[in-house]
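Here it is, the structure, as structure tokens.
Residue numbering begins at 1 within each chain, and the chains themselves are lettered A, B, C and D in the order written.
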Amino acid sequence: MDLQTLLVSKLNYWIFVILMIVGIWAIMSKNNLIKKIMGLAIFQAAVILFYVSLASKEHGTDIPIYPHDLIHPEHHGEVDHHVEEDSAKAHGAYEKHETAHHEEEHVKHSDDHDAHAEKDAHHDTHGDHQEAAHGVAHHDAHAPIADSINADDFNNPLPHVLMLTAIVVGVATLGVGLSLIQRVYRIYGSIEENEILEAIQNASDDGLTLQPEEEAAAQQE
Amino acid sequence: MIWSYDAILLILIVITAIVSLSIKDLISATITLGVFSFLLCLLWAEMGAVDVAFTEAAVGAGVSTVFLVATIYNTTRKSSD
Amino acid sequence: MLQHAPVIHLLAPFYAAIIICIAGMWRKETAYPIAVTALSLSLLSAVATLIKVGIAGPVIYAMGGWSAPFGIHFHIDALSALMAVLIQVVALLTAIHSRHPIHSSIGEKSYLYYPLFLLFVTGVTGICQTADAFNLYVLIEVSALTSYALIAMGEKRSVHASFNYLLVGSLGATLYLLGVGYLYLKTGTLNMQDLNFIMTTRELFSTPTIQVALILLMVGLWIKMAQFPFHGWLPNAYTWAPSPSAALMGPLMTKVMVYVMIRFMISVYGLDAIVDSMWTTWVPYLAIAGIVYGSLMALSQHYLRRMVTYIIVAEIGYMVGAAWLATELSITAAFYHVISDALMTLALFLCIAAMRVRHDIRSIHDMENIFKKMPITMVAFSIVALSLVGIPPTSGFISKWYLISAGIDAGHWPYIIALLLASFANAVIFFRIFEIGVFGKKPAEGHHHEESHDKKYLSEAPFSMLIPCLVISASIILLGIFNQPFIEMISTTISSISGGEVLQ
Amino acid sequence: MKVFQTIIAVVLGALLIYAEADFPAWASSKSPANAGELSQYYIKNIYDETLVPNMVTAVLADYRGYDTLFETVVVFTAGLAIFAILGTGVMREKKTAVPAPKRIYSEPPFDLIVRISTRMLVPVIQLFALYVLAHGHHSPGGGFQGGVILAASFIMLELSSDLRAEAAKLTHRMSIWLGIIGIVIYAGWGTLSLFFGGHFLDYDMLQALFPLDPLMARSHSMLIVEVGVAFTVSSIMLLIFRQLVSGGYSIPDKQA
């Protein structure tokens, strides 16, 4: 395909490649430790750009949240008391189905896992559970809306979930990295890679003679 | 998901990324990284990823910039490259 | 409760970490006993799962009750069950060992050290059991973050080493994440079995995206396991870390990444797809470079801890090389070597830490007459040395035997030569140590050996450090002698996975 | 030395560009990821199985709840790690190039405008944070975003007023406590379902606790889990900020 469609149709992926190159180049060749951490942040942002751009669909698709009218079709103006009746009825029907399950009355917020009571929950295999989950779908308070949804209307929710995790993990790594930078600054007096390596070099000719200050400090106490 | 709006944002993102890595003064480099993150948040929102945009704004741009400035406060502000 | 065993030996260290955080703030000394009881409980549950897997075949535990592709679930076959048991054994022995060194070097922060220790074990155990590619990334990050902190609590130079490890480790994990993203783009699922199923049915293996995904995954994992060109972070990180951290992470972090690599090779890509690809030609040569580099660097070190780190780099070369010969025998040999090498690395770190605590021995030259000073620890040390060199009764010999037979079977002669060279280098290293240890410095160097037998001279390692050393060296020998069940279990699992039938 | 790095970066770029030719068109609903069985199932069945309109929150807290649990553990671990690296024990380092900060940065230059405006804004921000947390099922938001905004309001308060006074109010011990409470709520809620015969993190089984059907049980369990996440994220982000600003000295020694 000619360059125009190649470039236009996949602009996100081109920018993602450029950002990755910038990020990995910064991590490797920047001298300042904080610049290296920034390079890492940009590198992770590039991967997030890749994931989110593979989740979006054609123009006009909606954000991955069900619009209100789709969920409660019968809410156009009528009083919603009959909705409560359906749920009560469905709830009742559901109750009979569930009595077969052996229930334990005590509600112990199990904090210490080792201490929990020995209780064999004769739980049938998870396959059967899956059937129960599908079974449940027919009992809920409103008509199942699965068939009335056209999957192409909404963006793919899965990459969004993965990227929520990736962003938070990125910030956690950033926090730990910055605390390490502060300790490095306090020990060597600089956050420039070359100055730190010099400080390490003349602190000890090799690993052998270095007497770890902390260990010595700890022994003195 | 207007393509042209997308393209402008992406170009701006690449520019702010490169600029934030090349500024010598660390505080302004951090602020540029903040701009980079907020542009990313704008891009996610525009691409339909609303939750990711919210997280990027709050966690990615907001808190990381605060952490970076806090660290620069405790170390040096000037950087050699 | 046995049905929930896979979750129990994941939650036991997790809840113990939380309890220690709470209890530790008031009384520091409660941290150690809680950690040891939690790890012993999780060891029991891991062994129970191993037995169950041995009898009933792979255990599938669906998280949150959702069926296969929609929710995350554990797929525990013999490989992951063995790894889980190995992790709990290493963690328990390191926890027992860590009482004395932690108390002396970072006593007042022990209520922080043990939660990080246990969260690392939780993350690594989770890695071995999950069947979801993205969940693996989150667990890699959990174990990575804890290892940055565990390293940075060591000596002064450990902080800079930990920062370098953070940069390179996060780079590796993000490359792994990108590799998973490429797989998801082409197949649409994140579950390992599902990936394999879709990739085989749609013959996606030859498409550029899946090839590049394999490159990204492997580069990411090689960075995390310190394979030769990407090993820069490992020597400094494990040399300056506190000894219990090095004893915990040395055997576990890198070996679990080898397990993840093998899991991706056989369960996701499938052995038959990999065998005829060009990977099986150039990767063993990369591994050979790693073996040669690691052995030569280990030979040239005289600082004990740094020497062990280079031995780890060489051992990783064995495993990657064997795995990428891509025959069932070679992967069985690689996996067996994962187990035996984890035990050997742990034993080395424990003995060296014991020597350092009692006689402040840091390098080879300090080890004068060590056999007289610490006879029991040196017995354990010499057993490990024999195992590293590959002398029969030990597990090192068995793993080298299977590695070399796999090399012969695959007809890859340079790999066999590299293995023999590495064994020879290990022999030189350890016999040099024995020579100094038994006979002391040569008289020509002007050191007369004082034969005084006062109390200070013959002082063994503290009791809590001695037991793990002995247990580990005994288990090395036992693993060597009773290797047949392990090899049997591993090879049947690998052949069943790569035998084409897809475990849905 | 710079040449070597640029070569590596360019090689990685070339590798990625080589793969791009094979990518499906950028925003195509026919691409394997979007047309795959997994995402189709999610889009179609989420509301029927969890009564939660926001698909992302549903997948985050319920289908992949185990992922989010370990993500909360990552945040908690980061807090512990920073506390261990920069914590009190480090203060007694003897021979360091730069002496550790002796006293906490206590009194910012008094600025009436900043102080008054902060005092007016903080309650509004905290209210918004709780709204984001509680409304995570229906609109974008949830545990993480709500927690971080809550932490941001405390950070704003501390930056504008006296850090030592603020530190005394919410000590590091309290922050770790809140972090633990958050994780215990999340993991404990998952473990609780073990006792009712379900698998780990299986909210269906918890309808025995609530007198309502499993769907509502799932929806409410997700809210409880999000509250746990918000506890951990807000307290740990505040702890990380405190550690980084004060260089690990914000903890009054007697309490360490």
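Definition applied: a residue touches a chain if its C-beta (ideal position, glycine included) is under 8 Å from a C-beta of that chain, and two chains touch if they have at least 3 such contacts.
Here the structure is a predicted model, which is why all the values come from computation and not from measurement.
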Study note, to complete from the structure: Comparing A-D with C-D, the one with more C-beta contacts is A-D
Review point. Using mean CA coordinates as chain centres, what's the chain B-chain C distance in Å?
Key: 38
**Study point:** Rounded Å distance between chain A and chain D, as computed from the means of their C-alpha atoms
**Key:** 10
Exercise for review: Take the average of all CA coordinates in chain C, do the same for chain D, and state the distance between these two points in whole angstrom.
Suggested key: 30
Check your understanding: Between chain B and chain D, what's the gap in Å when you average each chain's C-alpha atoms?
Key -> 19
Revision key, fill the gap. Contacts with two or more other chains occur in chain A at residues 11-12, 18, 24, 37, 53-56, 59, 61, 63-65, 111, 113, 119, 121, 123, 126, 129, 133, 158-160, 164-165, 168-169, 172-173, 175-176, 178-183, 185, 187-188, 190, 213-214
Review point. For chain D, what residues touch not just one other chain but two or more?
Key: 16, 23, 27, 31, 33-34, 38-39, 42, 54, 56, 64, 67, 71, 74, 77-78, 81-82, 85, 140, 144, 184, 191, 194, 198-199, 202, 204, 240, 244, 247
Practice item. Could you check chain B for residues that touch two or more other chains and list them? Key: 1, 50-51, 55, 59, 63, 67, 70-71, 74
Exercise for review: Return all touching chain pairs.
Suggested key: A-B, A-C, A-D, B-D, C-D
Revision key, fill the gap. In the complex, the residues of chain D that touch chain C are 15-16, 18-19, 21-24, 31-39, 41-42, 62-67, 70-71, 73-74, 77-78, 80-85, 87-89, 173, 176-177, 180, 183-184, 187, 191, 194, 198-205, 256
Review point. Once bound in the complex, which stretches of chain C touch chain D?
Key: 4, 7, 11, 14-15, 18, 21-22, 25, 61-66, 69-72, 106, 108-109, 112-113, 115-116, 119, 122-123, 126, 132, 134-135, 138-139, 141-142, 145-146, 148-149, 152-153, 159, 182, 184-190, 207-209, 211-213, 215-216
Point to revise | Of all residues in chain B, those that touch chain A in their complex | key: 1-3, 6-7, 10-11, 13-14, 17-18, 20-21, 26, 29-30, 33, 36-37, 40, 43-44, 47-52, 55-56, 59-60, 63-64, 67-68, 70-72, 74-76, 79-81
Check your understanding: Which residues of chain C touch chain A in their complex?
Key -> 1, 3, 8, 11-12, 15, 19, 37-38, 41, 60-62, 65-67, 104-107, 134, 137-138, 141, 144-145, 148-149, 152, 154-157, 159-160, 162-163, 166-167, 170-171, 174, 177-178, 181, 184-185, 190, 239, 302-303, 305-306, 362-363
Review point. Which residues, counting only chain A, touch chain B once they are in their complex?
Key: 8, 11-12, 15, 18-19, 22-23, 26, 30-32, 34-35, 37-39, 41-42, 45, 48-49, 52-53, 55-56, 59-65, 155, 159-160, 163-164, 167-168, 170-171, 174-175, 178-179, 181-182, 185, 190-192
